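Same chain, two partners: chain A is paired with chain B first, then with chain C.
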Partner chain A sequence: MSTKDQLGDIIDEGVSYEEVRGKLFLSLCIAASFFGIAMLVLLLWDVIATTHQAVFEFNVDPVHFLTQTSSRTAENAGFYSAIIGSLWLMVLVSVMAFFVGVGTAVYLEEYAPDNRWTRLFEANLANLAGVPSVVYGLLVLGVIVNGAGMGPILLAGALALALLIMPIIIVSSIEALRAVPDGVRQGSAAAGATRWQTIRNVVLPAAMPGIITGTILALARAIGETAPLIMVGALFITTRTPGPLDRFGAMPTEIYTWAAQPERQFIAMAGFGILILLGVLFTMQGIAVYIRRRYEVDFGE
Partner chain B sequence: MSGKDNTGVSRRNFLAAAGAFGVVGLTGCLGGGGSITATGSNTVAPITQEAAESYQDTNDDALVDVSPEGTGAGFSEFCQGRSDIQSASRDITEDEIEDCAASDVEYSRYTVGLDGLAVVKNAENDWVDNITLDELQAIWEFEATDEVTQWSDVRDEWPDEEMSLHARDSASGTFDYFTANVVGERGDIRDDYSATSQTNEIMDAVASETHGFGWGGLGYAEAVIDDGQPLELVPVESDQDGDFYLPTEENVESGLYSPLARPLFFFVNHATLQESPDLIGSYVRHYINNQDSFADAAGFFAAPDEEQNANHDRFTEVLQDLGVEDEVSTEAEYY
Partner chain C sequence: MSTGTGADEAGITRDVSKEDQKRNRRVKRVSLGCAGITVATTVAIFLVLFDNASGYFFEYRLHEMVLGASVEQIITFAEFFTGTRWAPDHATPAHGVLPVVWGTLTVTVGAAFISIPIGTATALYVSEYAGDGMRRKLKPSLEVLAGIPTIVYGYFAISMVTPFILAPIGELVGLSFGRRSMAAGAFVVGVMTIPMVASISEDAMNSVPDDLRNGAYALGATKFDVSTKVVLPAAVSGIFASYILAVSRAIGETMAVALAAGFNANITLNPADEIMTMTAYMVQMARGESAVGTVEYQSLFAVGLVLFLMTLAMNLLNDLLKQRFREEYQ
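Our next item is the complex of A and B:
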């Protein structure tokens, strides 16, 4: 478009061409974001439709479903023991991962010198957060379940999940600690507080909403993991309610088994199970958002 | 769950967790007691689970833990002495025999039932009325990759349309059985079909595509057909008399639906059987006594009566060798 006789024409054409490109880009961005939403709606619709089928076509009684242990017979099978298995996992994982994770983050951010080794360590943590979950399952199977002879018990499954989310907790805790401005620390030190007093009374309380939010989101990831639990040795179906030292199954492993059965009722019940699991996940995400909104401290000024 | 409950649980839990680490550290071993560990095939797991639930109904303090890691992964646990019962959708391989021997694990094998491998097509497919074993081999062997892609490449009178092939992936015992017995060599398969670990996906895919074609466990095919979806079984040539047969109960149990009917097994670890003969021995007897109904309830076919009696004879012999025959409380029921 170089052979115009008037300068104005050239500029106008150029602008309108850029405007078209701009609009095209905007619509692509909108389409991209709608794609994600559309997929989520599709998933939810599918899960709800399957649950509807389970309840109305196969007459699965929701109360029975939520209060009975699982069974090979679809009519007798319930989700209760899997839910309890998942709750135990969640509690054990949070206990194991939280203290180690936050401790590591406090050391790295507050105490450790900022040298090449610390940076290498942090970079490795970020890489660890991206390791496929099944790898942690294999690690625990080899070292803890068989190596140390613990056996495929719930605690071993919790250990695999704790290892899986520990890097995520460390990284998000470091971010939360970093968001506390140095001025706050210096102010505390100027008032005569020791380093320990500063961390305990000033830095950690200020960073805690961020740390808790990161931990809950990491837990939400752990609770939906199937592969590491299968590697560790989850049961075919969870016929009794597990404690920490028992053989176990959890919501995702139960759903996985049911979805692979030939009986259509089991497949519909897997949909019902997914709905329960999604409910737990959304609740956890909601709590995380609430804590962030409610306790957020603004050091902006 | 309220905040208060939560702290209570996590404190108890913390103690339990700390205690568990202590116990593990001290003894280096957990479990035992009244529980039986059953590893192995996820195809056979439903039968073993039926047996487990039925056994637990009458023996309150017995626990049978069934885990479905797959035949191969299960054998690697079993051959290191970490499980009492191993379910398998194929026989033990040479490598696995060596593994077991290396760890001094002695075992015996029992046939629990028969599985029909169904060859399936879409209901709108009106040209495939039957299929020969040579044709199945021609479709699925490695050399078929990019060569045998249209129906007409298999049989001249079939249409010039692309086939859409679906089957199990190489991690499954079903895959091992099909490739060994139809293609001719275990693991020999074309590399351009849709491989999945979920038999349900095979059946759903073939039911939704006019040119879909595949194979998988009969129970899965029948569940989809009963559900009213457009899926049909294909009669397959028999290596017994050359006629074409559907995998009906009659054809499978009479042995005419061959080679696509396969035996399903479980293996018993002799060392742990000797340690707790009443627990494991009684469970095995109970399993064999009712194996027909367990197999049926899980969607499989009964093994011939002779197999069942042979199971009992073999198990009696094992118990005698181990010197624990009198400690098993469940009686053998012969047919």
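Our next item is the complex of A and C:
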């Protein structure tokens, strides 16, 4: 055993520096990979701990919290109107963004000729996806809230969010349409179907799971967005639940209002609100992943 | 449609198919209209920002100037771009945008110091070293990290990062951290852009063909050599693209910096100081609900325009890089 080790040492002498360097590099990479995970764990733990603090130290009754509208005093404040605001936003945003987004994807993938205009179109799409979310808020503030004089209503906030996630829906829908092999389209065309009949009866049904998944993920992104809503003017303490044409607050704006307060009880309640928001988001993301796994059409490619 | 009882079948199918063709063309037009909305959005962003920002500089908005209002500049570009005090809403107003631009740049650079090395190392580990089981655990956690709203990161900064991470470190080096600081903003923006750098870089590394790796191994290269001297250079375009996207995202990041870095516009290098980014200024102004036409309201769009142009430049740079370095292995 000892002789074998010595032999190994002699042979290894030449490469030991490289070996050490390789191992050092690998451990650095592993450490970096776990930094992200450590931050995620820390963040989730922080949210759960402050929720616990809100409930047990500040005696925030969860039922009261979920059924009361917002208030200037921490004792009376609840999350109900914010939840309703977010639900309304979700409904309106999905109606506004889904059809236009899928329509655009259908045009680009199925109808558009492969020329310079189409490429410019796609470059524009990529740039739109990179526009900061506050700018969409400014756009709606300038055009709808003040330009058209509609005021800071929920519909305006929904429009800002819809514009924000439109590029995401388009790109994921294009990917879903692209995953449908051309042979399927040609088969339909050979049977005498028009482009639209092919799209409606063959391509869209096959691509739908991918499109729905992309849309739900984009919606989850929209529900967590705060900045465009604040630009539109959503920081409003509503004592009643908002409808589409009312002034409104939503879950993230309410969380911001609370988190920016100096009182510790408000900050703890912001943690509670975040727990609910994250619960909604994770559920949506879980549903999206489930739909993709369950319904995805496999063309055996 | 043919109503005659004796109509030949060919005639009927021809009519039906004409109807279908018409519907097909109609759908094509509608879908083109949908696509037009994205173009209209881009045009509208430019128009709204320039129109309102010109109200800030020239007192009259762009469309009013086109309609014949006199052009008299009230805030000079020299003052705007070189002034070092930013307080458009102050009793003695100052219109130098530099402090808020400085705030944005420091947070962006600080965030890049976190997201770029950690994101790249994560990508290398996932793509080159990690086994299948590890990869299946790491990638979803990164996706979860990427899906967390930015407001939550801001909350994380004030309730966890500043008191329990930055303050102890600050004590060691003699900095006292308040509730909001430049370092806290940079830290959380860095953390939130790690997944972006990691996933795009990893895609780029994955597209490097194994032949290149095997060739290097055949020459006696170690795994370290292959990772750093073969895979990294071969994937450089995608990796740079991820850096640019992360920087662009950090420039436009709003809620996390508004909560973590604060609302105090000043030019400082002290990481424990409260600063104000362009986006934080916009949040502050929007919360105040300033009346339309006031200089505060218009300054919102002036700052928004600067922000938009900075991110646009980043996105265009990204397009350019993609074309310049396009390596096609497939």
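We adopt the following convention: the second predicted complex is superposed on the first by the 269 of 301 C-alpha atoms of A that agree within 3 Å, B and C clash if a C-alpha of one lies under 4 Å from a C-alpha of the other, contacts with A are read in each partner's own complex, and residues count from 1 in each chain.
Convention: a residue touches a chain if its C-beta (ideal position, glycine included) is under 8 Å from a C-beta of that chain, and two chains touch if they have at least 3 such contacts.
Computed from a predicted structure; not experimentally measured.
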Overlay on chain A: chain C relative to chain B, clash or fit: clash
Which superposed partner A:Tyr107 touches (first chain B, second chain C, both, neither): second
Partner chain(s) touched by A:Gly233 [first = chain B, second = chain C, both, neither]: both
Comparing the two partners chain B and chain C, which touches a greater set of residues in chain A: C
Chain B versus chain C as contact partner of A:Val143, first or second or both or neither: second
Which superposed partner A:Pro205 touches (first chain B, second chain C, both, neither): neither
First, second, both or neither for A:Gly187, with chain B first and chain C second: neither
Which of chain B and chain C A:Ile267 touches, first, second, both or neither: both
Touching partner for A:Gly286 - first (chain B), second (chain C), both, neither: neither
Listed stretches 40-48, 184-192, 238-246 or 256-264 of chain C, narrowed to the one that overlaps chain B: 256-264
Doubly contacted residues of chain A, that is, touched by chain B and again by chain C: 146, 230, 233, 235, 259-260, 267
Of all residues in chain B, those that touch chain A in their complex: 9-10, 13-14, 16-17, 20, 23-24, 28-31, 35, 42, 45-46, 49-50, 52-53, 56, 63, 65-69, 80, 82, 198-200, 217, 219-220, 222-223, 226-227, 297-299
Of chain C, residues touching chain A in the complex: 17, 20-21, 23-24, 27-28, 30-35, 37-39, 41-42, 44-45, 48-49, 51-52, 117-118, 121-122, 124-126, 129-130, 138, 141-142, 144-145, 147-156, 158-160, 191, 194-195, 198, 222-224, 227-228, 245, 248, 251-255, 258-259, 279, 282-283, 286-287, 289, 292, 300-301, 304, 307-308, 311-312, 314-316, 318-319
Touching residues (chain side chain A, partner chain B) in the complex: 71-73, 88, 91-92, 94-96, 146, 148-153, 155, 158, 230, 233-237, 239-240, 243-245, 247, 257, 259-264, 267
Chain C-facing residues of chain A, complex: 18-19, 21-22, 25-26, 28-33, 35-37, 39-40, 42-43, 46-47, 50, 99-104, 106-108, 110-112, 121, 123-128, 130-139, 141-143, 146-147, 163, 166-167, 170, 192, 194-197, 199, 217, 220-221, 224-227, 230-231, 233, 235, 252, 255-256, 259-260, 267, 270-271, 274, 277-278, 281-282, 285
